[in-house]
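Got a structure here, written out as structure tokens. Questions coming.
Letters A, B, C, D, E, F, G, H, I, J, K and L name the chains as they come in the text, with residue numbers starting at 1 for each one.
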């Protein structure tokens, strides 16, 4: 089973940036947790981080013929990138949206996700556990269906 | 570790009601999964379902002196019960909100949770897995802190 | 043919409360008219009034295995009880919404029904005749289809 | 007793147009039901259909000195014709608004009636029965008051 | 100098309809006042009343080659007839909008005129004097400019 | 008959300020026209201009025991001075609101008058003629009723 | 003189819950203050607290034939319970709404009371003094009118 | 192949009215271009212009049994005529909406078409070419499907 | 203890103006009640009424070095005077907002106070008792804290 | 004559992605149609597709000194890319916006184009014909004016 | 070169009031900085502070025949004083708006300036440097044009 | 002292694009002014312009370990790039937002900056002087604090 992990803008600064909001783990720490979890489940991961909306879209397009599902933390693109939304819809793979912080406790603009309606689900507010629980959930969902790409 | 599981209105009909939206598992099926998961983690559960907003509030109040955390699927109260919100805030326990369906794919009124801002986080759209991943996540969060009630 | 008649909050005060708005008939007067009409049509009625949202939901749930249709005056729950809405949708029985007063002539908040979209129809503003015409219409609709519960 | 029946724009296509929404009865079928019902109650009907807002207003004006009440399905004028609203208010006759389909299940713009506040009441969603129950209700209301035109 | 006087829907009922709102003068009374005033000022009037939006537009179009200005009480078309607005703009004649009642004291929807921005001005709330002062003002404005049609 | 004429903020600059919007007559020119008109009708005028909201309110209060009516151009206070609104309502005299320019052709914020609902009527867009027609209309209205202060 | 004191949801936790918002007095402390104040004024109190909207409505209905007025802290029901609003309107007794905290300093949703328009008045932000001043004010208002139930 | 061409209100003034907005071609000029284009494609046209909403609806109804498609410039009815919308939906023929001017550069109210959702598409802003390209496109679409009326 | 009492615009007309809304007591009557109450509590009052927003701000500024608290009825400034709001915030004294009438029963614009968030609390709807209860409450609050100016 | 053809995000997946919405032609199919059409008209095309907003802006900038017009399908950037809007405005070339699907039949967010106001016009809903008609129209417009770059 | 410096309401308390928001410099400190800066540039200043909207308008009017430009910190009038806006527009002098605090970090109502559209520009959030940079910028702008008053 | 200067999309066209809005200086002209000013103050500048949102974010990230402050003209990203907002917040350096034109005089969408709340301040409308005053102000702010990166 192949899964694409996408990290959106500014997530490369994790651990360095506003730790009281996003936690003290670095992106590499989280990626390592995800890799370990994937290995235990016989899942192959590709991990992409970019601050460029277009690069994230390109990565989703490439995943069309390789991945069975997508785990995505879209960062601030969550709130306005209809292009990312179309890309998720276009590749027709189960996509799970995760957020480190509880976006509903923060500024008004963070309460609205323009992506949620084209994802299978959403996990928010559990810190790095949003990622690990998200990957676990995504694997379970993919396992419960047939898997041809 | 003690955890209260709260099921809001109409969830007693799970499996019977609109299975294409909510899945074919009954509430008892889900409760049994949660009980097994709790047992494996040495966690004691209390499970309450009610169609009465007041009964859910009463259950939260009782949990103040017993539970370390709360797993709640507030059903339709998600969208208007500020009284439930105040009860969650009042008991000062980590509370995790879960939804079976992806509320963001459904009617506009389901996109807004008046509870999310007083919960630690939210898991939506993963069917019964929203519950099991939610309980797993809640246990992890509680284990990472000191536990006196 | 079995029909549940549900009266929402404050309707127990009918005849006593603001007669210029709601008419001078008591709830018992209206129930008697409905019972007579039911008897003439060979219909069995169960009539429930409650000021408790949860009790109305419970009554709808019980009707799942007994009633063929529901006549409901949801009172003020009309305007915010998404839990009641979910209950109506969940039992999958034709439900007809009635109001004594013309809600569209009154305060802005009364113009919006959160239930109307899951009912088959709505009759408003005809005083107690909203109930009797509503029961008549509901019986006609049920008679025009097959009736297994 | 004299009653004007007004059918708004596009209702001449009933039975031909979107039968899954409006039913398969033609306007003539419905008119015949209304005529039979009127005859049984000793009521004289005048029936007018027009796609012209002005023609409906003219018909209402003419009804001032002849009719005791009005049964109206305003079609799409429901949602914007303040001129029709003024006409209804101006003739000071009980007017009952009916709709074949449940407008509250359809597009957002159909949820708002600019006429409802100047009518005595509204019946929606019961197909041709909205008309027959409407005429029945209107006759009952007119019978319960004095009738000088 | 030639002036078109346009009366919109329901104004034919003036004096008969809601006299506490619109006054007890009939439309003919008002027309006579306007005719007298016109005669005193050497002005020729054409007066049109219609409940048909299209007829009012046609009348405006005909005025293009005859009238120097227009006095219009658009009735309820004030609030939604963008077609009338376009007609007023298209004929490029000074147009003065008048209302008998003070629309700002009435329902919210009457506070907005979609025509005001293409008229030279507006007089509201002075009863039949809105018309006579309006005609006076329009004549003054036309006299202060050159008059070729 | 006694009439108070109130000019709001910035009207002292009339003729000097944006003549393409407000015309080239000075405030004194307009006051002279109003004085002549008053004299011809046996009316006594008091004229007050102020850029101070409080001074306009004080002037209205003083008019309670002297004036029979008020002609007011509230300038920009039109759009937000609820204190001026309360003052107009408090003195219980017919008040006529006038504007030189057609406020409906200008910025959005100028389309809303918070005063209009407590005035008898409004004349807008006719330049200085808004004042002279306004005074004429106000005198006519006052003459048609009894006049004790 | 008989007065019903109603405490809404979560007020049973007073003193225990968020003391920086609601103060450190318990509900029993406040009730004792109110009882003392009532005794000094020869007033009989009935005090009800419930987390159930329906129970509060029932209590109001029972008060119809016993109480002369009602002192109510509706808690979070303030913001959405139109059923409670109808109950207050239905019993036709002076009802005074009180809040411990200054709701206008808190979340946006707390700024709107759907009950205020059917109460005689409102006291907010004075901690337990909102209750004691509220009871004092209610007694004064009731004393200034005739008192038959 | 038969096509109805509908021109809405004020379009009879084309060439005469605001040429900087709508171009200097008259409606007859445009009709002639359309007739030539139709002739070249073996298409029969019927062309109707009316300022009367009802007349446009009537024309659409008549087209039900004759036309294969409709080319419509609804003029200002674009923005509010839900009756026209229902007529377009009712006749179940491909309908293409065209506008001479770029409505998105003009007043806010022109940005919204209540008809667009029931048309196959929309061409705006290309002057008379909106018509000729529209007719070309409509013919192509009709040619690509079977043509029984 | 020193307290400033501020009366906003139009309150000088109390007793004279709309007595059905504001009561029949004059401002002097209310001031006398407040003076008596102050005397009984050993409190010194300064009382200022003005129709000028600036004068109220000046009075608040002067109170900085003399008063321990402020009792304010801001009149219509309640709804828009952000300058008054800043003045209240700037002097850092407990300020209590009172209103004679129940603003929530009146026009929509009166439901919003731009000052409430910077006051300690609000009393509305109790007529002159809003003032006396307000002064009592303010004295109690000030007595419960240390008092250096 | 030189024309730039710009395809926005996700359009590289045409034919592969949601064919029921976007048609079964690939982007290369459409480009070939455009190239053939250009060749027939003696027009030189440059065609750019990118999922990167910045790359589309760069391409527009480069077109400043080469192209006479632009045909653009902005994909989802239509709804939020004000940067693209500024780029279109900045290069001061006629730009025509095309969409394959009828955006007005789809999600609410697709009804608004932030680009339309700076384009000459818009063609929506005609599938690949939106492109070919768009190119035809753009060529016609450019031919009707002088062509120096 | 002559420049008017206007300080709006509550700015007289600078240094005394909420220093964490507005800084610890007094208004006199700031005025001295501005005077020094003016002297160095050969500019004559007049400085006015008032809590009275009318006084600020009067000062602007007086500046018409003396000043070449205006530096204004409108305080809270920024958000609602359309009268001040009209005064700025009326005197037709370059006016620069400055704010000490970053209004965009504060309450929602502070994000909107009703004056900005009639000023040449705005400097916010730089503390007293907003004033000194503002004066510098204004002088530069005035120097770059001809200077007759 | 090190400062990053960021120019957003389309600013590379300065001087070429809409000079009546943005001035006739090219970006290089402005950069040279900034370099001269920096040199005079012993400040080192890095200057980046990009039409790619991601490139601007990358540049901000790189500035974390080098720059003491940021001067940014975000161009149209001002109005929607929450990703840029997060990047500014993440690097925790004083950031000053500048705009050449007075955005408040232009289209509605330009009135809102999603970045302003995370910047120290904003300078708008002063043409190239927005940049030079902005750099001056930023240097002053940085000089007034300690400077370790």
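In this section, a contact is a pair of C-beta atoms (placed from the backbone, for glycine too) under 8 Å apart; a residue touches a chain by one contact, two chains touch by 3 or more.
Since the structure is predicted, the reported quantities are computational estimates derived from the model, not experimental observations.
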item: Shortest chain-hopping distance from subunit C out to subunit F; value: 3
item: Partner chains shared by subunit K and subunit L (touch criterion as defined above); value: none
item: Duplicate of the K-L contact set - from A-L, A-B or D-E, the pair where over half of the pairs recur; value: A-B
item: Rotation in the CA alignment of subunit C with subunit K, degrees, nearest 5; value: 180
item: Subunit C-subunit I separation of Cα centroids, rounded to whole Å; value: 49
item: Centroid spacing, where centroids are CA-atom means, of subunit B and subunit E in whole angstrom; value: 63
item: Numbers and ranges of subunit L residues touching at least 2 other chains; value: 52-55, 80
item: Chain-chain contacts as defined at top; value: A-B, A-J, A-L, B-C, B-G, C-D, C-G, D-E, D-H, E-F, E-H, F-I, F-K, G-I, H-J, I-K, J-L, K-L
item: Touching residues (chain side subunit B, partner subunit A) in the complex; value: 96, 102, 104-105, 111-113, 116-117, 119-126, 129-130, 133, 136-137, 140-141
item: Residue ranges of subunit F in contact with subunit K within the complex; value: 8-10, 12-13, 16-18, 50-55, 75-77, 79-80, 109
item: Sites on subunit A touched by subunit J in the complex; value: 52-55, 57-58, 61, 64, 80-83, 85-87, 89-92, 114
